[in-house]
Amino acid sequence: MGFLIETVIAGLMSGVLYALIALGFVLIFKASGVFNFAQGAMVLFAALAMARLQEHMPWPLAFALAFLIMVMLAWLIERLVLRHLVNQHGVTLLMATLGIAYFLEGLGQMVWGDDIYPINLGLPKQPTLVLDKVIPGGVLISNEDLIAAISAAALVALLTLFFQKSGIGRALRAVADDHQAAQSIGIPLSRMWVIVWAIAGLVALVTGMIWGSKLGVQFSLSLIALKGLPVVILGGLTSVPGAIVGGLIVGLGEKLAEVYLGPALGGGIESWFAYLLALVVLLIRPQGLFGERIIDRV
Amino acid sequence: MAAVLKPAPMPAPDAPTPAPAAEPAPLLQLQGIHLRFGGIKALQDIGFDVRRGEVRAIIGPNGAGKSSLLNVINGVYQPQQGQIIFDGQPLPQMRPGRAARLGIARTFQNLALFSGMSVLDNIMAGRNLHMRRGLLAQMVRLGPALHEEVANRQVVERIIDFLEIQAWRKVPVGRLPYGLQKRVDLGRALAMQPKLLLLDEPMAGMNLEEKEDMSRFILESREEFGATIVLIEHDMGVVMDLSDRVVVLDYGKQIADDTPDAVRNDPEVIRAYLGTATQQE
Amino acid sequence: MFYRENGQFKTSYVSDTQIFPILQDRWFVAALLAVAFVAIPLLGSDYLLRALLIPFLILSLAALGLNVLVGYCGQISLGTGAFMAVGAYAAFNLMVRISGLPLLVALVLAGLIAAVIGMVFGLPSLRIRGLYLAVATLAAQFFADWVFSHVPWLTNGSSSGSVTAPNLQVFGLAIDTPVRKYLFCLAILCVLALAVKNLVRGRKGREWMATRDMDVAASVIGISPVRAKLSAFAVSSFITGIAGALWAFVHLGSWEPAAFNIDVSLKLLFMIIIGGLGSVMGSFFGAAFIVLLPIFLNQLPGLLGIPASTSLISHLEFMTFGVLIVVFLIAEPHGLAALWNTAKNKLRLWPFPH
């Protein structure tokens, strides 16, 4: 019983991280209609920056500097890439972000190095034992994971508030609907995009920081980020709550499948289970659990 | 040459005379069509018929449901209530693919041309239903597939000549001016050798000369290709000249169904759509 | 001056729809084929054949297959590696389990198996499009990665999924030297490229392109988007499956599932973007580009006199890919093929400016 609960918790925890990655995707999609294939590369880039900077300064300063770098990156991406692809097909923009992803991965590793780097946030590493009076053996919870979950929740709450309540949030939603229309009512497209990509950069940084603190920062981080895709599909591409719920479902489902189905199938199910789940949901409900229906007008 | 493109053989036993007569069964019959989008009633209790070989106009103010009506006829929308009878066959469920196979073709108000293809390819695409050779034959091409391609190319060239767009046949359609694109749209529909041709505002955005050309093409489509035509049009001059009978829609309801002259003098129609001289003062 | 259509009138529809309507083009292609079939086998070094030309031929074939699906039919696919893997392992199983099976038959059968699998994974395209379809194809990719390293039957008992190709021979002639391997791949590529070109300029191509451009309008004129999409998946997977088998048998010799992972899928996608979507020639251009780029980057530090480690080179490769994709998408979305056509058009006017 205790093992089941631990598995569930472990699944939820990785679900939190998936949710964060998915959040980055959803933010950019909601606000600029682009699916940002480079989100994973941004996580890697941000985490690498912070990890290397942290070797020379306390981590809050490294965090701030890394964030600044991400803002600059957002500005560059808008200036050099997005500006020239206004109102193109979604597929074109997707391919462009693929290009950005490759570029960032190469650049990040060239500049910051391609080893594995730790991120030290001063978080307690020992797990706490809880519920040992209720369940025999108790349940081990990692404090690190707990703090990660809480920070992630705080970030999500902040962002949701931002989008719903602020003027910029409204403008961003207009941009997501129709670039040209938003431009024609005077919304400064370029500035909006820089803002969104900077926010996504912030989310990427937080994600990278949390994940890097757990596993160390390395190249495979960008591949894990690919998992964000099925999460976002499951939850719906335009929904922040969808990203959260989707992340938790995928994280949980993956862990449970691995633990309980894995042995029967030879293990390694985690590599594709999330995709299978997303596919099944897609076929039943093409817009995802929380997404908006796409209507084709003739 | 004329033998290359004949009107599609009609299965009905009655004589295929183009002149409207009471006895031959109408090509298309709509009965009690109701169409709703959520709470919006797009069409209410629409019922009329279209005789073989006639030119039927549908007119009405913007938003009256004219395009929706065409969409119902060729299966893009499914009405909640009502019956469509085409060529004597009642059709419970109409879908675009089915409509195409039955011999219903249409053009679109906003042009639905295949932007990545040339004029020739767009119109050849309309021949798709008439081409049978399978995948393997096409891969080899020499022999049956090439034979079929050439035969259908001849049909399409006839249409290209008819629409006077020879000079642009290899040009990607996206590069053509609007008026020519409309002709390609018509050409593609004609390539299907349809029994019924639905035209959604074929003259929209055209100047006088272009309208004259298009009117000529529409009338000749009936002569040369034997199609029955239903068209949506705003230009009353065109409607009066071209059509045999007119249906008038207003806010989804049918308010008149008669010859052009009768409709022009119908007080209901005048109130809803045409207006009178006194109103303009 | 040299490149003119003056006097070249077409008097039949057959000649109007030929692949190379301009006489000078036909000369050029004939010369190219002469070089490819005669000059290179006689004069080319083993290195040229093994490291450059054979990979180029096989990747061109794979890119061609992907272009059918993505460029002509507009269905995005990130799982090409999976279908190549299916082709490779299917061919392997057929050759190993059915003794005496001719190589060409095994290749065709492997292609057909890949085509069926392709259609299965293409079924989602009937309900979803764009990004969502990309996810479905990614599912195929990761699932294939897992299947070939976890299901021993598929790899004839190998626990890691790594296998070795059997000896190759066609009609009793052993295909063991680089020259023979090169000619083998070249022949297969020519046959399949011609088949695809015929499909694409005929009825099937129009069905695919209509579905790509506006599938609602396509169904209105009687083209079934279902048939178009499934046939695109089938033909595309057939070709990439054969390419996968060739890659495994001829180029690699021994391989494991990781040889067909997502990197391969993404590389192929880059090839057709850079080379030109919806263009047979573009597939060749793209493949040439991707094959030559790492070699060029490898030589570059030497040429510039700057020392560079292999990891630096690989980082540079990533960065160059990224930059080039973006540059092409902004400046010339129709890829190198479009640039080539523009150049040819300018040549038709030369020496006049317009």
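Chains here go by letter, A, B and C, matching the order in which they are written, and residues are numbered from 1 within each.
Operating definition for what follows: a contact is a pair of C-beta atoms (placed from the backbone, for glycine too) under 8 Å apart; a residue touches a chain by one contact, two chains touch by 3 or more.
No experiment lies behind these values; they were computed from the predicted model shown.
Pairs A-C and B-C differ in how many C-beta pairs touch across them, and the larger number is found at A-C. When you average the Cα atoms of each chain and compare centres, the chain farthest from subunit B turns out to be A. Centroid to centroid, with C-alpha atoms defining each point, subunit A and subunit B lie 50 Å apart. A straight line joining the Cα centres of subunit A and subunit C is 33 Å long.
Centroid to centroid, with C-alpha atoms defining each point, subunit B and subunit C lie 42 Å apart.
Looking at subunit A, residues 298 sit in touch with two or more other chains. Multi-chain contact residues of subunit C, defined as those touching 2 or more other chains: 216. For subunit B, the set of residues that touch two or more other chains comprises 76, 108, 112.
Here subunit A touches subunit C in the complex through residues 35, 80-81, 84-85, 88, 90-92, 94-96, 98-107, 109-110, 114, 226, 229-230, 233, 237, 265-269, 271-272, 275-276, 278-279, 282-283, 286, 296, 298, going by the rule given at the top. Chain contact summary for the complex, subunit C toward subunit A: residues 76, 124, 127-128, 130-132, 134-136, 138-139, 142-143, 145-146, 149-151, 216, 262, 266, 269, 273, 311-312, 314-326, 329-330, 333. Within the complex formed with subunit C, the subunit B residues making contact are 74, 76, 95-97, 99-101, 105-106, 108, 112-117, 121, 124-126, 128-129, 131, 133, 135, 138-141, 145-146, 148-150, 153-154, 157, 188-189, 192.
Those residues of subunit C whose C-beta lies close enough to touch subunit B in the complex are 12-14, 17, 195-196, 198-199, 202-204, 206-207, 209-210, 212-214, 216-224, 231, 235, 278.
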